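We just call them A, B, C and D in the order they show up, numbering each chain from 1.
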Amino acid sequence: MIIQLEHDIQDALLSDIQKEVAALGYKATEVKTQHQHYLVAIGKSEFDIRRIGHLDGVRDVHRVSDAYKLVSKKWKVGTSKIDVDGVPIGAGHFTMMAGPCSIEGEEQIKSILAHLSENGVKIMRGGVYKPRTSPYSFQGIGMDGLKTWYKCAKEYGIKIISEVLAVEQIEPMHDYVDIYQVGARNSQNFALLHELGKVDKPVLIKRGMSGTIEDLLQSAEYVFSSGNERLMLCERGIRTYEKAYRNTLDLNAVPILKEKTHLPVIVDPSHGIGLRRFVSDMALAGVMAGCDGLIIEVHEKPEEAFSDGQQTLSFPEFSQLIKACMETFAFRRRLQS
Amino acid sequence: MIIQLEHDIQDALLSDIQKEVAALGYKATEVKTQHQHYLVAIGKSEFDIRRIGHLDGVRDVHRVSDAYKLVSKKWKVGTSKIDVDGVPIGAGHFTMMAGPCSIEGEEQIKSILAHLSENGVKIMRGGVYKPRTSPYSFQGIGMDGLKTWYKCAKEYGIKIISEVLAVEQIEPMHDYVDIYQVGARNSQNFALLHELGKVDKPVLIKRGMSGTIEDLLQSAEYVFSSGNERLMLCERGIRTYEKAYRNTLDLNAVPILKEKTHLPVIVDPSHGIGLRRFVSDMALAGVMAGCDGLIIEVHEKPEEAFSDGQQTLSFPEFSQLIKACMETFAFRRRLQS
Amino acid sequence: MIIQLEHDIQDALLSDIQKEVAALGYKATEVKTQHQHYLVAIGKSEFDIRRIGHLDGVRDVHRVSDAYKLVSKKWKVGTSKIDVDGVPIGAGHFTMMAGPCSIEGEEQIKSILAHLSENGVKIMRGGVYKPRTSPYSFQGIGMDGLKTWYKCAKEYGIKIISEVLAVEQIEPMHDYVDIYQVGARNSQNFALLHELGKVDKPVLIKRGMSGTIEDLLQSAEYVFSSGNERLMLCERGIRTYEKAYRNTLDLNAVPILKEKTHLPVIVDPSHGIGLRRFVSDMALAGVMAGCDGLIIEVHEKPEEAFSDGQQTLSFPEFSQLIKACMETFAFRRRLQS
Amino acid sequence: MIIQLEHDIQDALLSDIQKEVAALGYKATEVKTQHQHYLVAIGKSEFDIRRIGHLDGVRDVHRVSDAYKLVSKKWKVGTSKIDVDGVPIGAGHFTMMAGPCSIEGEEQIKSILAHLSENGVKIMRGGVYKPRTSPYSFQGIGMDGLKTWYKCAKEYGIKIISEVLAVEQIEPMHDYVDIYQVGARNSQNFALLHELGKVDKPVLIKRGMSGTIEDLLQSAEYVFSSGNERLMLCERGIRTYEKAYRNTLDLNAVPILKEKTHLPVIVDPSHGIGLRRFVSDMALAGVMAGCDGLIIEVHEKPEEAFSDGQQTLSFPEFSQLIKACMETFAFRRRLQS
């Protein structure tokens, strides 16, 4: 059960509501996000929901039978709109995020920003902290690189999404990113998710390598219930027995997530299939499956990229893809109307 | 190496070619299909391919480095056209096959045929022999049902695709089916595949539940090298750890198969995701990923179907889907031109 | 519900029992094996089981809530004993089956028979029909090889287990094998399983590459309910994402199968892990997990074997392993007493 | 290449060695652990290894072709001995760690400590920070619980292993744990692994839910190369398609890890199979597969445990198991001698 409370509810009223919830045998968690104030109540007894709805201080109350609550679509119809400082995600908008796997330096940053700008892309992806399997692999250029990137991106009015690997990185990164990305390997790093719940920037959470749909939604519930409503989910390929491609991009996740949650759903075909020549087909299939946006790896010279070159599009490939994506998104909307 | 031989090549010439191939240290398999005559030669030594190409009786010769040979795209560009008695599959055509999981009886057959006919569908699917996990489950209505179905379908000019479970069923089914279907559980039933190579009807092979892309292509190679070139492959969902849906429809298989083989690629979203309300999204995503056709479960009253009702579309759902598929196929073609 | 009937029950009595079962809303399947006569009844209503137990012609009646019935341990405690023409399997016996992946010829057969005989092994494995992914790979030496093998094995008093790939092979193989093996790829080849139910020789069924425990038990139910009670199950490794070994030998299957079924459970560590130097560790772990026997690949010169050499033990390795297995089996029994 | 340096090597000598390594085209990382001083050098050129071995300040040099280096068995034969404040792990010792899933309170702690003590167990496991899929589930009793546990454990001379979920927890937990545990969900939390490299306590790293053998070794390499040599690896079940048990305990990992690394290998059958009645069989199979120890969930009243009761042994079950484990470990040693 989700109880939406009045803004600035008085402590006495809140306390009364909490008592009533407890009397029903429910355990309530108070959640105060940057936008709203909730009680999330978990229990099993049957009762007339109006018993809560009629209480003073209650704006609305919803039964939510799912294991996750605040991210469920059972209480919030449609797709939430995430406002990234003027750039909308979800709620009928199609969002393209693109950029290199790793941020490499000023020259690379500028060439990509110029290309994105020409193609109308408003959010640039890139890693400055890289989660690498081996401790001896390139670990990213760190904060200095992020600051340079930020300075350049501002000139183009382009927003930044970048992966955060650790709680200690949240604060230093804060003034230089517009969206925090949680990678597949940290998809159930609950300490990190909890801290990101306290931040006033949107968060994109990638599905774990063998994360279930339910795991992903519960990870999002961690962030939401810690205070941050501005969340997106990202399908990026799962681990299966198949060796013909890097990961198995699971597009089934798209319609299922769209049914289960009001959060926008992004698809990452670059990691998802992991082979450049198939990225566009899977991107367009993802749009057709109903996603709200894509996150794509692009580089002026993919073969010289510091990491993931084999799955990174060149500039001409990307220009063609974004045009196709916009048309496909519009086509899908016409089909459904 | 694939050596295409002249039609009606003389034995002496063939023998000369075989000797030359053997001299190169290659092991040759003679393949005589209903359309052509080949030698498939496997070996490792390097040599000038013209040494074979210049021989009398040789029409053409191609190096094929893949483990599978005759189904590879390395020697045959584009998608093969399968002619199902006037109905084309592949080679730029979009094919919809639809029908119930199980054929149940005349009334059901007729209601579905009428619906398919109205919607321009030219191939009806349906099982008369059902591969059921439990021996106590409904095993299909068998040959009598197939004969009734055939009689009715003929009136509508609609072709029949139906699953063959065993070598012994090939012959009795022969006069009543237009396409033999090999199910996921028989995807590596090599005896069955071998026998289907001798048949003059097209064959659709489904990917095994944990079949790799390479496994599927090799299964097709069994049929082709046994004499039957008229083959299609079908992605129908693989087994993964995820429990949110029945199978994990693996659309990555579509662009990869389209790159590796000249055979048409069909997608089965009904088994693929296994939940009715997501079938259409996955079907359209499959079209966008580049498949040559779909195979869909449809029933007048899905909730009363003998099997698989939970993944079967109703008539109105199907009508809407086929219209959307045709538009999406056309849209994709425009995008690519 | 399993109803054990009196031997030579009169038709009238049987008919009465069937009527009573039908009156309860249950659907009954009559099963006549080489040993017993049953009715397997499936339904949902609750009733006093003595209502059936009291009927004339009924020897015993058992509720079995599992989806599989006759192979369930719910009605038959302990492990069934399979008598392979004097060699016992199950029921407290430890069985070693060993031999090459492929039968190659008389010399190889004899060298292995001599080695098995010296080590007290009473059942020799070997393939004469090989299920090979590629149609161009060695497909086995066929019936001639089997006949040679049979002649030689008889001299040593050693039994033969060999894989049957197709219904058409059952009859020709019949006089030359002591146990039919169903391979992983045919684990849900229901036509084959059904025909093997009519045969008077034991059958070993391997788990499919992505077969569930339940799938395997249902496959066994196919054979049992078609008339053949002499069955064994075999864990041989499943497909997972891990690439460090060929398959993932799933020893969890051993205690779980031993709980769920009265059929003997055999472990195949050779295919299971697929790397020679780890076969012994996994074999002993399998014995300790509670299996009734092992099936192991052994060859005088593994590196020259026609197939699977990389997972095949040499003679000295095998001699050491079988000694260790016997000791481990005895040790485990002492631990449990 | 691993270059072991002299203790207290002079800066000038180190610099000379680094120059020589660079001259070979190798990239060197300096690693200073609590025990030794290394250069880990990565490169591709071929050269006479004595060229490095002869340099002043070099104690020893080893080629290591694996992607991981310091944890590889290529330079360090046998199993490393981890000294947990007087309790040895590895190097021929068998180690049992046992305790509840969650630490619940003083009464529970004492009852379990007494039981472990009676059974000769020297390391107690238990979670005070629990990684729970849902934010609304019990999250552990935290530091207060840990302090109580520490106080009680000290009286029994029993060591503590407990999971650390976040970098911020390392320092506060430091004085109250003897071994830090990294859970499956944090198996690739590289920031956490890196920080644990700076700690003077042993670390046990669990394999990720879909972690490969190579992933696990690389995670260990993170800790080792950050300065902490006292490491253990733990197999705890992977995610597969099978639903008959919670996870698929992958005992194949045991002999493979024992071959690839000198680190001790621990098996967790409680999470591994996740069903109480099968834990003992899998534990003994694990010992037989060659592991150096086990980690087992035990509780006085499993059915009342705060978490994971369904996979937790009762006291009598545990007493029987530990006796069997010790006998099995001794039996295996005899077999191998």
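Quick note on the criterion: contacts are C-beta pairs under 8 Å (C-beta built on N, C-alpha and C of every residue); 3 or more make two chains touch, one makes a residue touch a chain.
Please read all numbers here as calculations on a predicted model, not as lab measurements.
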Contact-richer chain pair [B-D vs B-C]: B-C
Most distant chain from chain C by Cα centroid: A
Inter-centroid spacing, chain D versus chain B (mean Cα positions, whole Å): 49
Gap in Å, rounded to a whole number, between the CA centres of chain D and chain C: 38
Computed distance of Cα centres, chain C from chain B, in Å: 33
Overlap residues in chain D, where contacts from two or more other chains coincide: 210, 214, 239-241, 243
List of chain C residues in touch with chain B within their complex: 27, 29, 40, 42, 67-69, 131-136, 165-169, 185-186, 188-192, 194, 208-210, 214-215, 218, 221-222, 225-226, 239
Chain A residues touching chain C - in the complex, by the definition given at the top: 210, 239-241, 243
Chain C residues within the chain D interface of the complex: 210, 212-214, 238, 240-245, 248-252, 254-256, 259, 272-273, 277-278, 281-282, 284-290, 324, 327-328, 331-332, 335
